[in-house]
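Shared between the two complexes below is chain A, which has chain B as its partner in the first and chain C in the second.
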Partner chain A sequence: MEKNYYVCTGCGLLCDDIEVESEKNIINKVYTACRVGVAHMKKAKGETNFLVNNKPVDEATAVREAASILKNAKNPLIFGLGTSTDETQILAIELAKKTNATLDDTSSFCLGPLVEALLKDKLKTCTLEDIRNKADVIIFWGADPSDSHPRHLSKHSYFPRGSEKQKGWEEERTAIAIDIRKSHTAKICGNYFFQIPPGGDTEFIDALIAALSGKLPKTSYNFPPKKILELANILKGAKFGVIFAGLGLIYSLEDLEPVFRLMKILNEKANFHLVPMVGHYNMRGFNENLFAETGYVNRVKFEDGMVKHGPEYSVVESLKAKTVDAALIIGSDPLSSLPRSVSKNLLEIPVISIDPCETLTSKHAKVYINTAISGVESGGSATRMDGTKVSFKPVVETIHPSDEAILKKIMEAV
Partner chain B sequence: MTNAMELYQMLPKTNCKKCGKTSCMAFAVSLMSRELTPEDCPPLKEESKYRENYEKISELFKPSEGATETGLIVHEDLCFGCGNCVVACPPNVANDPYGVGSGKAPTNVNRLVLIVEDGIVKAQNLGECRRFGKNKILCYGCIVTCPVEAIEFV
Partner chain C sequence: MDFGSFLSAPEINIKIVTYRDIFQDKAMIENRFGEEYRDRSAILKLDPADLKQLSIKAGDTVILKNSLGKIVVKAEESGYETPHRGIAYMPNSPWSNMLVSDETGGTGVPRFKDISATVTSAKGEKVTELRF
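What follows is the complex of A and B.
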């Protein structure tokens, strides 16, 4: 019997094998999904909300108000979109063009540089299916998928049997964790956990490169050279290696140059791939869509048909310098997630919040539009952390409009 | 977990034989193997001077109440449904190699030992578990793969 599987949009893994039992548009049981996914799918909510100055209004008024804020702004900021579908993101890019907006997403302080390097073919990558079928050495560097992407190890990277890995994880795969703390993933890696001090990644990479080239690895924090040599030997023997690079690695590096060097030597000695541990389910999609449109993955400013790009157009810098005079926040909560010194500037400008959840940002927004949870109440397509396109249909019906529908209406009204 | 000697220390040590065993030490051993329960010792249960010890022993055996026939307990408050145990469990892989054995959704739920339901692992069909039956072995497949020690055998 052909089963009806749904896609979970709880994290960047986009698990496509979720079974759901629902009745009268209420999800009762979710099978195979992790706790993150279940919570995401079950957070169905009540009546629709359109708020202007925290007072309920109808949809047309909210859209009109949002459009007028964008129209009256000289340099509006459009931010978020990590939890929106490809279709919504493309609309948002169009809207940014039309309103001469600054456009950015969470990847500018997240994994953006890494995705950019992958899109420009500077690093070798592969899909999660390749990893399941072939990978024998798996490195989790500054990432803890057990907590951030709970099914990562069981669905793709470590435990499952693949076409060329029939004997299973005990015999054919080696999982390695490099992290500053003994995370849940590191616990599974057992003896192959390498604990480094915060900020010690660059030195560790240099030491590892030295070990790979047959030199004595040295670090200022006296990491046992024997252990690094042992690690280098495992890496040299990899037939299909993969590095899952997390925020821990990216935050610790000044730039990606050490990663390029490491990947170069790893591919001289063995065969290594890199996959970014994308958190939001469609952050990589935003990077790819904007890259296709402008050649940049984030931090852009549209001005009369021209595109400007630079660090000054990131959400953090533009808020800090107060260069933006309005903000359209889609599916994100910068007031909670950004440092207060930066996010407090959002309180001084009119904010439009389009979000399925009530957040701190939505509470302080001039206009708040409560939308459908994308992937649960509305469908579309998205890009998984490895760049694979995944399309999905809604699990339940809803009275809430999708963010795509709302953006379309705002677009018409601007 | 405690041992039979520790349990014996908490028993009345009168060798009254009311439990059907020849001595309190024998009763302690039966307790350990879960052949008998603390309630099977009448003096311990009824006499007030043993009440404190009775409560202590009952407390020790409490977790096993929710245990399945093979002694498997899932701590639902710890489990977050990563499914590592589901994919690593040898009978699961043998019974559904292209479903859970390959990391995907189960295709043959009826023969699986572990499944994830509502984000939490559920044990079922324990007849298939390698710790059960005539050829039982001490399998640790689901325990070593759990990042949060949510699975325990008692």
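What follows is the complex of A and C.
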């Protein structure tokens, strides 16, 4: 019997081996997915469909009101899109152009710089399949996939018996964690857990580079040089190494220069790749789609056919400086996920929230449109954390419109 | 020893590092306004020596305060083998975000994982509700 597999859009892994049991468009059972994936696919939807000023309206009224907010704004902010399909993201870019908007996504304050470096070929990378089949040295740096990407180790990076790694993790793979705390992933790495102090990453990279160059590794926090030398020896012996870079690493660095230096020497001595631990299922897709259109991965401002780029067009700086006078938020909840000291400024401007669930942001929005859960109730395509394109179909049908359908209508109305 | 520990309600300075937690993530997906999400978010994982200095036990509520705001969360013992006095851990959430500074140096990247605050016993005060 041919099995029907679905894609889980619960995180940047986009697991494509999910089976479900559903009846009358309600998913009763989800097989293969992780705890987060099961919750994502079985998510119950609220009754609310379209609200303007917290009062129920029909779709046409909500779309008209949203279009009117965007038309009347001098510099609207379009933000979110990490949990939207490529098709929706491309529409949002068009809408941003049409409305002279500032456009940004969550990569602006997380892994955007890394994805940009990958798109500009500044770092060597590979696919998760390559890792499953070939990787012998795996580093989780400032990343804890056991919590953030629960099937990462079992499906791709550590436990599978890949085509060239039939003896598996017991004999043929070394997993290393570099972190400031003993995370669940660090526990799995056992003796290969290297605990550094908060903010100590750059120094650790420098010490590791020294050790790889045959020099004595030193840190101001007196990390045992012997342990760093041991680590350098393991890395030197890697036939197919990979660094999974997480937020813990990125937030600790001023810029990516130390990562470039480390990757350079690792590839002089061995063979190393880097994959960013992208959280939202299509954040990388947003970066790629905007990059294809503008040459930038995020933080842009469109103005009469021109595009400007810089930190001043980031969601954080533009809200902080109050340079935006309306906001269209798609599949994101900045009132929860941004510092309150920044997000509170959203309360002063008209907000349109397009989201499959009610959030703090939707509750404070002037217009709220409850859309289908992308990947569960609507289909499309997306980019996995490693750059692989994945297409998916909806698992169940819904009465809720997709964010793509709503954006099309708003686009026609502005 | 810092001066705060001699006060009748001891107060200590801590650096809070945020992290992701699978159970908290799952609770958020199910209901971001629910009790489970709050119980798994509004927590602070402390070194046992810091709990002792604050004269509180695991499960008691504490007040976290800095120039950005004040929240009440539940204190827990971190369970980490390596001592980490002065450093506490908290799942990334709207609660931790109430204490994150808007000072970014113009980079557009807030310091989500590097929060400075003081902690004192909340003397039974309830955990902060999630609202604006």
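The criterion applied here is as follows: the second predicted complex is superposed on the first by the 411 of 414 C-alpha atoms of A that agree within 3 Å, B and C clash if a C-alpha of one lies under 4 Å from a C-alpha of the other, contacts with A are read in each partner's own complex, and residues count from 1 in each chain.
Here is the rule we go by: contacts are C-beta pairs under 8 Å (C-beta built on N, C-alpha and C of every residue); 3 or more make two chains touch, one makes a residue touch a chain.
Bear in mind that the values here come from a model prediction, so they are computed numbers and not experimental data.
Overlay on chain A: chain B and chain C fit together in the combined arrangement. In the superposition on chain A, contact is made by A:148 with chain C only, not with chain B. Contact with neither chain B nor chain C is seen for A:238 once the two complexes are overlaid on the shared chain. Applying the stated contact rule after C-alpha superposition, one finds that A:135 touches neither chain B nor chain C. Of the two partner chains, neither chain B nor chain C is touched by A:123. Judged by the number of chain A residues each one touches, C leads among chain B and chain C. Within the superposed three-chain model, A:336 lies in touch with chain C and out of touch with chain B [touch as defined at top].
When the shared chain is aligned, chain B comes close enough to touch A:18, but chain C does not.
Looking at the shared chain after the overlay, A:156 reaches chain B, while chain C stays out of its contact range. Using the contact criterion defined above for the overlaid structures, shared-chain residue A:180 touches chain C, although it does not reach chain B.
Contacts of A:29 after superposition: chain B is touched, whereas chain C is not reached.
Nearest C-alpha atoms belonging to chain B and chain C sit 7 Å apart in the superposition, given in whole angstrom.
Common to the chain B and chain C interfaces on chain A are residues 34-36, 39, 146-147, 150, 184.
If you check the complex, the residues on chain B that touch chain A are 79-84, 86-88, 93, 97, 101-107, 115-120, 145, 147-148.
Considering their complex, residues 10, 34-36, 39-40, 43, 108-109, 144, 146-148, 150, 180-184, 195, 198-199, 247-248, 251, 299, 311-312, 314-317, 320, 333, 335-344, 347, 357-360, 364 of chain A touch chain C. Contact residues on chain A toward chain B in their complex (touch as defined above): 3, 5, 17-19, 29-39, 132, 146-147, 150-151, 153-156, 158-162, 168-169, 184-185, 187-188.
Here chain C touches chain A in the complex through residues 15, 17, 19-23, 25-26, 29-30, 32-33, 68-69, 78, 80-82, 84, 87, 89, 93-94, 97-98, 100-102, 104, 106-114, 130-132, going by the rule given at the top.
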